[in-house]
Amino acid sequence: MDQIELRAVSFEYTANGRRVLALSDVAFGVGVSEFVCVVGRSGCGKTTLLNILAGFLTPTKGEVLMDGKTLHGRGLDRGVVFQDFAQLFPWRTAQRNVEFGLEMKGVPRDERAATARRFLTLVGLDKFTGAYPHELSGGMQQRVAIARALAYNPSVLLMDEPFAALDALTREDMQRLLADVWRETKKTVVYVTHNVAEAVYLADRIVIMTPHPGTVKSQITVTLRRPRDPLSIEFLEYQKRVVADL
Amino acid sequence: MSRGLARFFAGAVASFGLAAVVWEAFAWSGLFSPALSPSLRVIVPTLVGMVSSGMIFLHIGYTLYRILWGLALALLLGIPVGLLMGRFKAAERFVLPLVSVLSPIPSLAWVPVFILWFGLGDAASIALVFYAATFPVVLNTWTGVRSVNRLWIRAAQAMGAGGADLFRKVVLPGSLPFVIAGFRQAFARSWIAVVGGEMIAATNWGLGWVIFDSKEFLRADMMLGTLIVIGVLGVGFERLVFQQLERRTVGRWGMVRTAKA
Amino acid sequence: MFRASATLGLRRAAWGLAQLAFPFVVVAIAWEAFAILGPFPPRLFPRLDVIGSTFVRLIATGILPLHALDTILRLAAGFALGGVVGVVVGMLMGRHRWAEDLLVPVVSVGNPIPGLAYAPLFVLWFGLGNLPAVLLVGFSATFPVIVNTWTGVKAVKDIWIRAAQVMGAADRQLFRKVVLPGALPYVLTGLRLGLARAWRVLIAVEMLTSVSVGLGWLIFGAREFMNTDVMLAGIAVIGIVGLALEKLVFERIEQFTVVRWGMMQR
């Protein structure tokens, strides 16, 4: 059974007095521990989709099932990583940022600190637990954000173009890191991006969306062995197939 | 010592040296009688006398007492009101019209009224400081709450924060740069209010009163000495209180750029 | 159809007005309650109708307008003086390193001293009346103008200057066509702060320098006879003038810079 199931999800909003259909009848499922990338041009509603999964928005039609139950609002069963580096709280050190979700859960202080350090180690930041966000590079800040979203042990990780604002070399490092983290933690991941190579590198399955209104055009299952080689012929073949559908 | 710092000190020495030379020229020019524009040779001993007799510290004490009371009351009222305004539309709609009508009235316009209500002395000065300081605190806190990055709120909500937690752990620290800015502005206004208030409404104590009283006895040297004290106190507060406060919080967090040491 | 929407608009406007009036009604009720039940005798804490009728009487007899006019003229004169001096000094500091080195320490010590503290000194030097009042207002206003103008000139981006030089701008043109407009938002901010400061100081200065006509003097003089109603009527006019400054001058200036250039945050 799928862990997440979208059933004919539509989302409509009003802007400047005009009604805009951002999502129309979007339906797909995400299995347990599956890595799904949602790819599309800007304006295809992929961020709206992620915000619905995170519980920031409610579908105007249709519903989202999570473990078989209808999703209502936000919950600690999902962790969210945004694109903007500013998502970290500047007044908290890296470790205290990672502790935030645990604090909300009421986890005692010592355990909190230990867990936070463990996840910072997982993303390779064990030497920077006491640093404030502004003292870290963009890539490091995003790694803290990933550790923060993982620390309170949600079963699903939702990511909205987390590496889009990074330079190309850092982005590749981060993709490798994320693949490793995913292999270790076995989370279910929904990852939104407009970068085709990134999607082919990371995903078990790619959901391709097209805009006006946002709909699912096709789905491609990526069967390449991991770790994947972005320069292999097969990798490029997959990229071509995705681009053809965009 | 870094070269920049050395340059700064050299500049400061040259700067104050030049100011002193200009002043001396003015004092000796005979434009005003020596009693009205005393030379530094008179001002400095007077200042030393005020300090060594300890009188100046009593005056400073009274002035600070009034400022700190007024400021404390202003923060106690202003921060909660500003937070409420930022959080609840109804509070904003109720308070904002009152603030926008009252805040353009200079605090010192209330001096005559406050004298009648509270009599001469501490209460009138404290009330003045309170009036002067409250509006900047309210307005800046309100602005601070509204300018808290929405992403922080979202991230916190995604991690299960809501209500009191969200407010205490996200909104409050997130608006701190503005709250501190309000505090600083409030202090500057309080300074004006307290000096003005003491000139008009104080009895026997306070820096404003010293300046005003010196006029009666044509003691320009005493006035200028007190002005120097006021200047030093102002710079001291900026350096020791506000810059430290900023450096240890919002500066440490990279939310504002702080002045270099 | 049109009619219906017109009445709807009218109703919405009325509702907005009611919302705006509500806080004042609450305060008025509190004031009245305090005037009746509070510890102060009516002479010290007059009821609103007394203040209102005094206000109307003083307006009708021309007393308040006369005082207000004098105050505004004094503000304009002092502010003009402070503004011109401030912009010139600030520009000098921004453009020339020697001026910056010499003046920054003096300005940073002078800035936090309330201009009002100089009032008795100015009275000793220039006597009572208009001259010390205007000079003091100008003196108070000049510091924020200096600081902001200086910051503004320093904030002109090197890349703009380089771009202009590449396109063949000479020093003079550079200043007039790049530095000046680039610094303008800051200069305007400085002028706004200077005007606000001038206004705050002026009322007290009028009390201290015993000008013969002016709002500050009016309310201060009323103290002799415990005319609290006159004071409060005077404060009301001060509030109106202050509000007018804010709405007609400050917000205009802000609009101008924000909208035209989109350069200022906030």
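Read from first to last, the chains carry the letters A, B and C; within each, the first residue is number 1.
Simple rule for what comes next: contacts are C-beta pairs under 8 Å (C-beta built on N, C-alpha and C of every residue); 3 or more make two chains touch, one makes a residue touch a chain.
Note that this is a predicted model, so its numbers are computed, not measured.
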Task: Topology of the chain contact graph, where touching chains are joined (line, ring, star, complete, other) - done: line
Open item on the list: Quick check for the class: compute each chain's Cα centroid; which one is farthest from the centroid of chain A?
Closed with: C
Open item on the list: When contacts are scored as defined above, which chain pair ends up with more C-beta pairs, A-B or B-C?
Closed with: B-C
Open item on the list: If I average the C-alpha coordinates per chain and also across every protein chain shown, which chain's average lies closest to the global one?
Closed with: B
TODO: Between chain A and chain C, tell me the centre distance in angstrom, where each centre is the average of that chain's C-alpha atoms.
DONE: 52
Task: Distance from the mean Cα position of chain B to that of chain A, given in whole angstrom - done: 48
Open item on the list: Taking the mean of the CA coordinates per chain, how far is chain B from chain C in Å?
Closed with: 18
Open item on the list: Can you pull out the residues of chain A that are in contact with at least two other chains?
Closed with: none
TODO: List, in ascending order, every residue of chain B touching at least 2 other chains.
DONE: none
Open item on the list: Touching residues of chain B toward chain C in the complex: what are they?
Closed with: 7, 10-12, 14-16, 18-19, 32, 36-37, 93-95, 97-98, 100-102, 104-113, 115-117, 143, 188-189, 191-192, 195-196, 199-200, 207-208, 211-212, 214-215, 218, 220, 223-224, 226-227, 230-231, 234-235, 237-238
TODO: Spell out the residues on chain B that touch chain A in their complex, using ranges where they run on.
DONE: 149, 151-152, 154-161, 165, 169-170, 173-174, 176, 249-250, 252-255
TODO: Could you please specify the touching residues of chain C with respect to chain B in the complex?
DONE: 19-20, 22-24, 26-27, 40, 44-45, 100-106, 108-110, 112-121, 123-125, 199-204, 207-208, 215-216, 219-220, 222-223, 226, 228, 231-232, 234-235, 238-239, 241-243, 245-246, 266
- [ ] Quick one: which bits of chain A touch chain B in the complex? Just the residue numbers, please.
- [x] 54-56, 74-76, 78-80, 82, 84, 86-91, 100-101, 103-105, 132-135, 148-149, 152
